[in-house]
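The structure appears below as structure tokens.
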Amino acid sequence: MLETDFKYIIDTFFTLFAMTLIIFMVPGFAMLEAGLVRTKNVSAVLTTNVMIYAVASLAFLLFGYKVAFGSFDSSTSSIWAIVMFQMAFVGKSINIVSGGVSERVRIIPLAIFTIIMGSVIYPMVVNISWGADMLRDTFLDLSMYDLAGSTVIHSTGGWALLAALFIVGSRRGRYQEGRVKVIPASNIPLVVLGAFLLWIGWFGFNGGSVGSISSVESANLVAKTIMNTNTAGLCGAIIAGVIMYIRYKLFDITMILNGALGGLVAVTAAADLYDMYTPILIGLIGGALVVFAVPLFDKLKLDDPVGALSVHLINGIWGTLAVGIFIQNISFMAQLKGVFLIGMFVFSISYTVLFIINKFFKFRADNEAQLMGMDINECGVEAYPEFRRAI
Amino acid sequence: MLETDFKYIIDTFFTLFAMTLIIFMVPGFAMLEAGLVRTKNVSAVLTTNVMIYAVASLAFLLFGYKVAFGSFDSSTSSIWAIVMFQMAFVGKSINIVSGGVSERVRIIPLAIFTIIMGSVIYPMVVNISWGADMLRDTFLDLSMYDLAGSTVIHSTGGWALLAALFIVGSRRGRYQEGRVKVIPASNIPLVVLGAFLLWIGWFGFNGGSVGSISSVESANLVAKTIMNTNTAGLCGAIIAGVIMYIRYKLFDITMILNGALGGLVAVTAAADLYDMYTPILIGLIGGALVVFAVPLFDKLKLDDPVGALSVHLINGIWGTLAVGIFIQNISFMAQLKGVFLIGMFVFSISYTVLFIINKFFKFRADNEAQLMGMDINECGVEAYPEFRRAI
Amino acid sequence: MLETDFKYIIDTFFTLFAMTLIIFMVPGFAMLEAGLVRTKNVSAVLTTNVMIYAVASLAFLLFGYKVAFGSFDSSTSSIWAIVMFQMAFVGKSINIVSGGVSERVRIIPLAIFTIIMGSVIYPMVVNISWGADMLRDTFLDLSMYDLAGSTVIHSTGGWALLAALFIVGSRRGRYQEGRVKVIPASNIPLVVLGAFLLWIGWFGFNGGSVGSISSVESANLVAKTIMNTNTAGLCGAIIAGVIMYIRYKLFDITMILNGALGGLVAVTAAADLYDMYTPILIGLIGGALVVFAVPLFDKLKLDDPVGALSVHLINGIWGTLAVGIFIQNISFMAQLKGVFLIGMFVFSISYTVLFIINKFFKFRADNEAQLMGMDINECGVEAYPEFRRAI
């Protein structure tokens, strides 16, 4: 057998394996968000997650992939495996948006935004970062290092969410008389399940982004990448737990899990470049950033029920910049430029698109609909019709 | 290393990978069905799912595999990987039956049927479709194309369910005074989780059915098969959502997920043969068929709480026939003959077996037991003992 | 390509695949335990599970791996894949402890114990069983066969749990006036989901422990190991169901699942050595042992809400001894010696460590805290705040 054939076969198989792990993030996000919102909004959140996977993936297959990469071809592994792997990413950036505006967003305008984000906005970010690179040889050309998308996926989703929060506004009753009304998560086991499905999916996300496992060097790199990814998640969870305990003598499980996710986001930019100890620091800082950012966004009246800004935007930025701090040959300024340019691009185009959609289809459900719950108004299906509500 | 050894190793690994994905369908079916039934029947539905996996798998290992394939041997990859892969399929066809008769079926007679279906009925269908082929050189010989079981698994399960519905009857109070009593799903997050575990399992089901990944051609074929499988699922979900919205201005998440599953069933017959666009059409038609078939079966008073007839029987048939429509070299009449013969065989033998079992162990729980719930009567374990019921 | 390179690549990929399956056991244990305890203790149990994964894994990466294996090096596959694979095991032994003392244990002392168990106790057991072997050439040298940890993981966890039960005591009100108060599981779907995630994880646990898939012989061995693992689980479930039905005419799903897990634990010691029929017997005996051990431990007032002693300790011992019974070249006495020595070592050191920790940080929550529930006292987060409690 030719060595190139061997590599083709192994890398196709490996890409399919990694892609499959990423698809576990679809129920992962769905369970996480369903657990974090109130019972009256659970069906709507789940429907939104299913809609995003279906609509964004199809938009990416039909249009987005070509926007990002130009054409369907590959000589090193099956193009269909590569397309599926890339397709598995697209919904994630939109999930970040939908999670952050949940409990008041309507599905139709979000579906329209999903089509545009999945076929144009996200693919253009990929184009200039990992893909055909339309900015090559211009002064805007990016030389940012971003292995698996601290910026391309996570802060991209975060900036689009920020734009969406300006359009959609906060949930009814969240900020009243200068106080933040606490709205507890309705189903903690689902939150834990969702967080771990995301965690496992991250192995595919980051490991698969190495792009090949078919040489001794790349096999080592994939394994180290997965180990480093995991380590940052461990440390994000630990530091969030420690801080919560120091402050409140209580272990807030939702904060601990968001700390873990923050660490995972932060290490994503360069899990392949770090030695085995650096991800500890990346994760500790990432988890701590989440704990401090969550109340900060509430002070700014940016109402984000799932903590997506803290996890994805803040840590997407932190993780991208960290590469420039910890890796010798990576320029901090190049990383900063990448964060800044992509942030400007995504925020401004997302805001514009959301603004226009909102003229025709209001994103925000009215107060009465929010009071009744999005499930009744958007889906006609209650999530738990037989369980009597205590509150 | 010999090229044959390389292929043996890679294909064994790949088969184990695909098999593992299929095993995720065991909790997938369990969660889907547990979410769709009422809380008083959840433990019984779950127990049934566990029973089917345990009993059908053991019956297949001890008897069914030999009925289907004749002997334990293989020279191209490990026979134990192949046996496990085939074993992973068997429970699925029986899950289709049990799901459709849930909320009133008793476990003991179902366990007896499971033994017979797992050791004889399903293996005989496999024998004439994929296996030793006892009908070879007879006028009944099948030349149907069915990659991963639109007919062999899904419509087989569907025909057996139809037979079971004639024996078991509808749930107490479902059809009264000419009206259909709406019985809502009790736990929507479980339905979503279950549907996505099935979706991911389908990658293993269809991808693994290609049978090999150890050449450049087969690696491409596996990747394309998985992509096509996914695409049909996406489109099934989208069309179901669109139709529901046009009709009711509401997104019924259970219908959207059944639409996705319908698309997945339909593409299963030939996900390897289609180009990347045909599965869009297959899935759109599959999802639409589900939406229209569900109320139709209720008009026929075939009470199927999980929509299994619409998803598996209707789309199993549609998917098998579609191969004859969309693929040049496949004869539509051969596909139709396969659907018809297997349907006749499975329905008649299942009806006979169910009828006989029912003489000794009644399948149907009496009205009082149904009113109390199957959990108390069959398991002695309530699913959610601490949650107060609203209805 | 060099044959050694080929093997390196394939075995690295395979180890990562197996490791990933084991990580699914993290949400697996979490869901199983969250479903088995009362709603007022669910967040605490989940937090404990997350804490164990984070703390034990980091402790093992930083200290435990070197205690067990001496150094980070490997020439046959990527050391990082091997480290991750071994790291995936460590939390399991501690989960066994935490599950058995749930509903009354406090998180801080458990976290301290987790650090010690993850960095010293468990790694020392690995050292003398699979690792650097510090007892080599002493009269204590173990020649026990234990493929994937019937003793090294399961009875180790079980002995530590037994020690913990002596320190922590039973739940408030569990044993009153000579009677055992029945405390039902609060969420059966989570129990089923958790059990199947564990089951699938076991494929990685046992299959991965073969250590290589890169020859025809080892590929066969991996496949047979996974099949045998599964078979014992099937039979454990079946026998538990049969016994429960004979006794009570009811199918207790939690007992059936614990029977399955018992079978899986028992076959773990030598799933690679058995023919395809022996695991049937191993699993039947394993499942039966669970059914009889559960009430026995209650008679001894060892209050173990999840049945961990019956599943992991009893079947860990049974499975290890079974190798000496069923495999010709394995000495029963060597197996017995291994069980005994590791049991003595783990019990005594765990008891000592737990005793000392307990002097400074009480493991047991006081009665009032138990009455209110551990969620409020340890986490400040209720698991299901919106569902009104019936009991």
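In this document, chain identifiers A, B and C correspond to the written order of the chains, with residue numbering beginning at 1 in each.
The working rule: a residue touches a chain if its C-beta (ideal position, glycine included) is under 8 Å from a C-beta of that chain, and two chains touch if they have at least 3 such contacts.
All of these numbers come straight from a predicted model, not from anything done at the bench.
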With one step meaning two chains touch, work out the least steps from subunit A to subunit C.
1
Since subunit B and subunit C are copies that touch, just let me know if over half of their interface numbering is common to both, same, or not, different.
different
Inter-centroid spacing, subunit C versus subunit B (mean Cα positions, whole Å)
33
Please list all residues of subunit C that touch 2 or more other chains.
6, 10, 13, 17, 187, 193, 384, 387-389
Which subunit C residues qualify as touching subunit A in the complex?
1, 5-6, 8-10, 12-13, 15-17, 19-20, 23-24, 26-27, 30-31, 34-35, 42-43, 46-47, 49-51, 53-55, 57-58, 61, 77-81, 83-84, 87, 107-108, 187, 190, 193, 378-389
Footprint of subunit A on subunit B - complex, ascending:
3, 6, 10, 13-14, 17, 21, 38-39, 184-189, 192-193, 196-197, 199-200, 203, 207, 213-216, 219-220, 222-224, 226-227, 230-231, 233-235, 237-238, 241, 245, 248, 250-254, 256-257, 260, 276, 280, 384, 387-391
